[in-house]
Amino acid sequence: MEGLWKKGLAALSSTAVAVALLAGCGGGSTNNATSNSTGTNAGTPQKGGTINIDINDDVAHFDPAVAYDQGSWEFVWGNIYNQLLKYKPQTTDLEPDLATSMPEISSDGLTYTFHIKKGIKFSNGDPVTAQSFVDEFKRILTPSVQSPAVGFIDPAIQGADDFYKGKTKELTGVVAKDDYTLVIKLTKPQTFFTKVLAMPFFSPVDEKYIQSIGGDKAFDHKPMGTGPFMMQSYTPGKGFVLVRNPNYYDSSKPYLDEIDVHVNSNQESTALSFEQGNTALMDDYTQQIPAQYYLKWSAQSQYSSLLKKQPYMGIEYVGLNTQVAPFNNKLVRQAVEYAINKDNAVKLANGRGQVTNEILPPGIQGYVQQLGGQDDVNYKYDPNKAKQLLKESGVTNLNVTMIVRNRAPLTQIAQSIQADLNAVGFHVTLKQVGESDYLSQAESGKAQFGLYGWFADFPDPYDFLDVLFNSNQAPINNWANYKNPTVDKELQQAATMPDGPERYKLYDKIQDQILDDAAWVPLYNPVNTTIHQSWVNNYYTSPVMEDPLADLWVSKH
Amino acid sequence: MSDALLEISDLRTSFKSESGYMNAVAGVSLSLRAGETVGLVGESGCGKSVTSLSIMQLLPKTAKVEGSIRFQGKDLLAMKEPDVRKFRGNEISMIFQEPMTALNPVLRIGDQIAEPLRMHKKLSKRELHDRVIELLKQVGIPRPEQIVKEYPHQLSGGMRQRVMIAMAMACEPKLLIADEPTTALDVTVQAQILDLLRELQARNNMALLLITHDLGVVAEMCERVIVMYAGKVVEEGDVRSVFRNPQHPYTSGLLNSIPKLIGERERLQPIRGNVPSLANMPPGCRFAPRCPHAKDICHTNHPSLLDVEAGHKVSCWMAEEVAAR
Amino acid sequence: MSDALLTVSNLKKYFPIRKGVLRRTVGHVKAVDDVSFTVQKGETLGIVGESGCGKSTMGRSILRLIEPTGGEVKFENTNLTKLSKGSLRTLRQKMQIVFQDPYASLNPKFKIGTILERPMQIHGLYTPAERRKRVASLLERCGLDPSAAEKYPNEFSGGQRQRIGIARALTLNPSLIVLDEPVSALDVSVQSQIINLLEDLQEAFSLTYLFIAHDLSVVRHISDRIAVMYLGQTMELAESLELFEAPLHPYTQALLSAIPVPDPDVKRERILLRGDLPSPANPPAGCPFHTRCKDAKDICKTKKPVWKEVRPGHHVACHLYS
Amino acid sequence: MNNAVLEPSLSPAAGTAVKRRMSFWRFARRYPSVVVGGLIVLIMVLIALFAPVLAHYDPTRPLSDGLSQMGAPLPPNHKYWLGTDTEGRDVFSRVLYGARVSLEVGFFAGLISLFIGALLGIISGYFGGWVDMVIMRLTDMVLAFPFLLFVVALVAVMKPSVTNVFIAIGVFGWAQMARIIRGQVLAVKELEYVQAARSLGASAWNIIFKEVLPNVITPVVIYLTLAIGQNILLEASLSFLGFGVQPPEPSWGNMIQEGMAYFQLAPWLIYAPGLMLLITTIGFNLLGDGLRDWLDPKVGR
Amino acid sequence: MASYILRRFIGALVVLFGISVITFIIAYAAPGDPARLIVGAKAPQTVVDAVRHNLGLDQPLPIQYIHYIGRLLHGDLGFSYHNNLPVAELIGQRIGNTVQLALASWIVEVILGLPLGIFGALYHRRTADYILSFLTLVGMSMPVFWFGMWLIQNVAYGLGILPLGGVGGISHLILPAITLGVTNMAFYQRLVKSSMVDVMSQDYIRTARANGVPAHRVVTRHALKNGLIPAVTYAGMDIAQLCGGVVLTETVFNYQGVGQLAWQSIENLDFPVIMATVLIAAVFVVVMNFIVDIVYSLIDPRISLS
């Protein structure tokens, strides 16, 4: 697996800080994230209306080939663009979108054939054909585009590597058989490949349009796709306006005429604006509910009923660099496992998280162990045990530096961990870093340990266990620098196995091994806390990163 | 003395300080007739400048002025500020020691000279301009049309003092107080300025109160002289009478300590000691600690100002004794 | 009166006038322009002139407190202008200066004792005990109580401070003292005390004085000979009494006539000078005084008069006498 | 319109001589700023020195009962006098320890800028010429920099820490000091006692140390006092922006920053450190102002 | 006069040159490899090297500096590592906001500071002056960010009358402008006051009074112009102060200006943006100082001739 796997995913976790009073939710379900069908109010959906929403930071990319962070996916995925397949609302089950049906997969699992709906148009009226998809694959594999998605299809798709290296101008593995038939050939079977294709990278694009506006760089700020919304105007740093796409294939959607998106790095003022009835909704994808408003609204009935929570497929964890002293000593790592009080971390997130002891988050198949809350599982908060393990390890230099992004509640949690570790004998220095520094530090492979986060690209254990623990991912995604040949082999095996209980069992085994090696201290699964105006209907969040704004309708206005 | 233009009686000016009020002027009485030139001499700290500023009421608010200052019969001290203002620059004008700092550096010469006229006379712009030019000509400034547009820093010290004089003369005052008008100037320039003052005074029949430490200037300019020491008048009289026949040991001491310009050089006869500080005034005669003739009474009681001959007064116990005899 | 202690020849001090973007030197203020004279051992040479005539600059150039632009200063046969800084520092013991402002000339942070001991310390003279003794005796000699050594300058009046300044000048046993307006800032009654003190000290320590002042009566009183300066140049130099009785130069005549005499009966004919002192940055050509001179002739405007001895010991630079 | 009218020696040896012995109360009435400002500074210094004695709790350690059930800070109560912070730590103890950082940075940064500023200012002022020109141009440059922005950038490059904060502040804070000292030196240099020392044969450095330095100390002390106040504010600003003192060490600036997220629910989080910061700065400013009135009677900046 | 201006101008250029050098050196000393930041961590070394070469980062420092200056002179401020936009565009979007804020706070400063300064001078050493002095002392001791938050809490949130932050109309400008203006206003009041007190004690004021000029006219006609000369100088010097304050104020109020951009780019170690903002602020200061010099020479007749 070569390529630009996942650089953005880490960034996802940065702003998406999770949250929720998890009193009863999330814990019970194994797959199919819970059905907090929150805003699905009664009544007939009406067309029309405009809503205002705030986003914390400017959208980095509108080019689907480049967009790879939460803020960008919020709008690229399913809103300005859409793809062959999509997730059924509030589930992790795929259904056809631009394709007429789920793909025909050859028996060897190598050839995927898609039939594309007829009459699909880009928002400028240009027709969509199979070639529109081929063009996007080619763009991703064009080095100058600098697409982070290369790793998902190179070398997974035939000929991708040659194309990327410029050896050929034809991409043999992705072929438009006719205007409405797209054939993709893989080099080896990949169980989760349909989930890969559901990511917004693989949206159809209008190459003619891209050339007409001046190429790939310009396209990044002037998006044009097949989604329910289209960009009307964009002012970098301030915001943009999305309006109904008149050429959207599903004429019943979207309901809204217009979405006005404002960049506002001040969560407090968005919250106030919400109270004043202006901002339509707040959630972790757009503008996170600030802690004090969360606490306040929880206590006020007119707001508490509008507050919803849903765990996402993500995790905050302490990654221990297994190749660097003192964490190259397993005993020391295990000591850390025992030393950290995870309940404190969740408390510092105002309870907007769920303590976890495993790597996979709820909502992903394979989240089977139900480790949380059970006494027999790996580690439990036990400072004395930690001290004892440290003593056993014989390691004396316990001066360590921990990396943490400088935003709430992560810095608070880091300080709590710092205090916990200092209490058992470590001497922890915190290194608060900005986003880009965070990435470069963690990816350097030299950082001792840090408070990191990871969020799913697609709902499959592969996206966690292989990406984060395969030795060939070290140190870029495998920040723990975890290297275990047995695990590597098993990961290889699980990636190509047919979907089914056997596969998840294998992942289970892998996870056990990793936790026994104590490469990570899983802390908690964040919870997406949302609030929306009472006049906003059919508002729900998805366990994957998309935000189905097209389903919203407003009863006011 | 009913024809007095200015009559000051028992003027006491004091300044607030750490240790209460300090008397800078302690009971000064003097008078000026119209057209008369009177010299007020004394060393630094004797209160001569404070006296002049008391007349104009230009002292800071920390100063307390008591007694009476009658100008043409009206008591200036009893007046309110707006009424006093009608006299300043109009009936009574003043020029100061430092022509370098007494002019506003950012205003044009012409505007500055016109200021008292604007305050006290209702003149049209044209008239104002003409009057300013005329004044400048009067004080002997060449190229007046050009000078009015210039700024003080473009002029020499002597020229600036002429401008100051022009300003003071603007409203043709009845009394001009000149506070050390030539101290900052060179002798040759001083001679010019003194000449100018004399000429203007004669022309306008203006009284001149000339404050100086330079006995030479007094001798040349004045009819009468008042000698002050440590806030009090010690001797007063006709210039010739005082210079020829000084009655107060301080006056004669001053005259003796000046090197002569003519004749053989003799050893100087200085007054011993130093001027007392305001905070530390001797109780009796304030000159007693430095006086070669001091007696016991001098150290305890202050002598009053007595006539020794017509118009020649002195404040000294020796003179009192002579008078008593 | 045969041996010269100090010989000044063609001394010049020009201050550059810089103008323009590059601060080029576009001209010079000729503060001291070609001045020559000698001072005999034990005498007092008075230097008079109006403000801006360059007399103070000259005093300081002689001591090389300001580096002269040209000319030569010979002190006891040593050429000061050629001396290295180090040797100059040693020689400074013999030449001292007393300043005008008694308030600014004493470091307010030091006790009088320290101020007076400092010169001896700098030159490493005497033991500490000797220094203290010497300070006490100097104070006494200058009319102050030896207890003054323990006080700070601000506890003294102007006259007393000037005495301290003089005492400091004496600490190193100098032979020459430049007195730069030493009594100008003092009250008349105190001024005479200081003059008397200076006279006494001169006699006691056989000092040579260069007495710079603008007050003509004081200069007349104290000086053996007097030099009159105008715009950086010497106009006239003569025995003190002769200069006052028979001034030759029109400028000297005007200057002397301008002095007010404290005697109401003396009425003198005053020579009023026209106009102002020309700027030293742009002095008139020829005789610098010609613009204001009542006797100016055509030659005065173009040719600079020569400095010559018209009578024994009486020098003048004026075309009237050539 | 005050002393200018009085003749120079109305009270002989005016100014300095007058302030001989004065009773404390009279002094306090005449220079209340010195006394009040000095008192505030003294109290802050004492707080900083005795923080370990005065604080009830470890300022860096979260308390087991320091947060509410929902993870919210606790309001002031009999146990935690100023409440607890977002981390569940005792705000009172943190505020006390914060005084240490503030004073440390204020003082050391002040000293560094004083040292550099004094050195360059004296050289520039005393020797003049091209040296002066170069130094003054350099000063212009430093003054033209957006100070805070630059210090932030510098700390970001050097890695945030207390030491780096005062180095950065000190290294770029000297310019004003250099200007002031240069001005003083220029003024003092022309005074006759300096000329007198030259005429006595004293060397340049001897003159600088013996004659010039003692006489520029007063304005320097005054400026230093004011500069310490400004440095404290600057440190707080840096910590507020996240480039100063790093958690869990408390600094008033980072405390305010941490409390910002709770400004409605837990106003004590920003009021406690904010008021301490304000009072301390007021203290130094008062003291500096008062010292100026007292030691340098000439009104001026 | 022309030579005076030219000389100041050359002086300003020298200062700017020095600033660009210092900024450049600091950026060079910055941690992290810009090329790496641009292409991402996983890119092969060959790609990184190619980018390095394209950016000229493989050249010796002085050459790099010359190129940097060359680009600057063409108005090219570089490309943001973080936002993937030309720095000039990023700053262009925001500079208007910052200028508005700076101007608004400057108006607060002058409109309040100037009259209060004159007032303080007229009531020098009286109760009103003492009270005012104390208030301005508090003002200049006020931590900008704290005061901003106090306003947000008590005015914007508490009274609910003004926006909490962000950019918009005048209403968005009021609180940040007050925040930023108050400290400077306090300094300004003190400066104007001490300058006026100084002027009021000058001999020429006594001259005016001796001419019978009434008090108000003494102030307006004889004192003000003199007193304003340092005030003008300060108002210009103030810009430097303002630049620092802008960073804090914009951060607290989420005001989308250059200050906030600067802070964010420092957090992201986005050095092209940092360098550009520092440089622009410095240019601003230098230009303001230059303007002040000229204004100064216009209002003070003593300068214009020399």
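Think of it as A, B, C, D and E in the order they're written, each chain with its own count starting at 1.
Operating definition for what follows: a residue touches a chain if its C-beta (ideal position, glycine included) is under 8 Å from a C-beta of that chain, and two chains touch if they have at least 3 such contacts.
Just so it is clear, the structure is predicted and the values come from calculations on it, not from any experiment.
K.L.:
Which chains does chain B share as contact partners with chain D?
P.N.:
Chains in contact with chain B as well as chain D: C, E.
K.L.:
Which chain pair shares more contacting C-beta pairs: D-E, or A-D?
P.N.:
Result: the pair with more contacts is D-E.
K.L.:
Between chain B and chain C, what distance separates the C-alpha centroids? Give it in angstrom.
P.N.:
32
K.L.:
Would you mind pulling out the distance in Å between where the CA atoms of chain A average out and where those of chain E do?
P.N.:
42
K.L.:
Indicate the whole-number Å distance between the mean C-alpha point of chain A and the mean C-alpha point of chain B.
P.N.:
93
K.L.:
At least two partner chains per residue is the criterion; list those residues in chain D.
P.N.:
Residues 1-2, 5, 9, 12, 242, 263-264 of chain D touch two or more partner chains.
K.L.:
Give the residues of chain B touching no fewer than two other chains, as numbers and ranges.
P.N.:
Counting only residues that touch two or more other chains, chain B contributes 44, 58, 274-275.
K.L.:
On chain C, where are the residues touching two or more other chains?
P.N.:
As it turns out, chain C has residues touching two or more other chains at 157.
K.L.:
Looking at the complex, which residues from chain C come into contact with chain D?
P.N.:
Checking each residue of chain C against chain D gives 60, 63, 65, 88-90, 92-93, 95-97, 99-101, 104-110, 118-119, 122-123, 154-158, 165, 168, 172.
K.L.:
Spell out the part of chain D that touches chain C in their complex, as residue ranges.
P.N.:
Listed in rising order, the residues of chain D that touch chain C are 9, 12-13, 15-17, 191-193, 195-203, 206, 210-211, 214-215.
K.L.:
In their complex, what parts of chain E are in touch with chain D?
P.N.:
So the residues of chain E touching chain D come out as 11, 14-15, 18-19, 22, 26, 29-31, 137-138, 140-146, 149-150, 152-153, 157, 190-191, 194, 197-198, 200-203, 205-206, 230, 237, 240-241, 243-245, 247-248, 251, 259, 262-263, 266-267, 269, 274, 277-278, 281-282, 285-286, 289.
K.L.:
So in the complex, the part of chain B that touches chain C is made up of which residues?
P.N.:
For this pair, the touching residues of chain B are 43-44, 156, 158-159, 186-192, 194-195, 213-220, 239-240, 243-244, 253-262, 265, 267-272, 274-275, 290.
K.L.:
Chain A touches which residues of chain E in the complex?
P.N.:
31-32, 36-37, 39-43, 47, 81-85, 89-90, 93-94, 152, 156-157, 163-167, 253-254, 256, 260, 267-270
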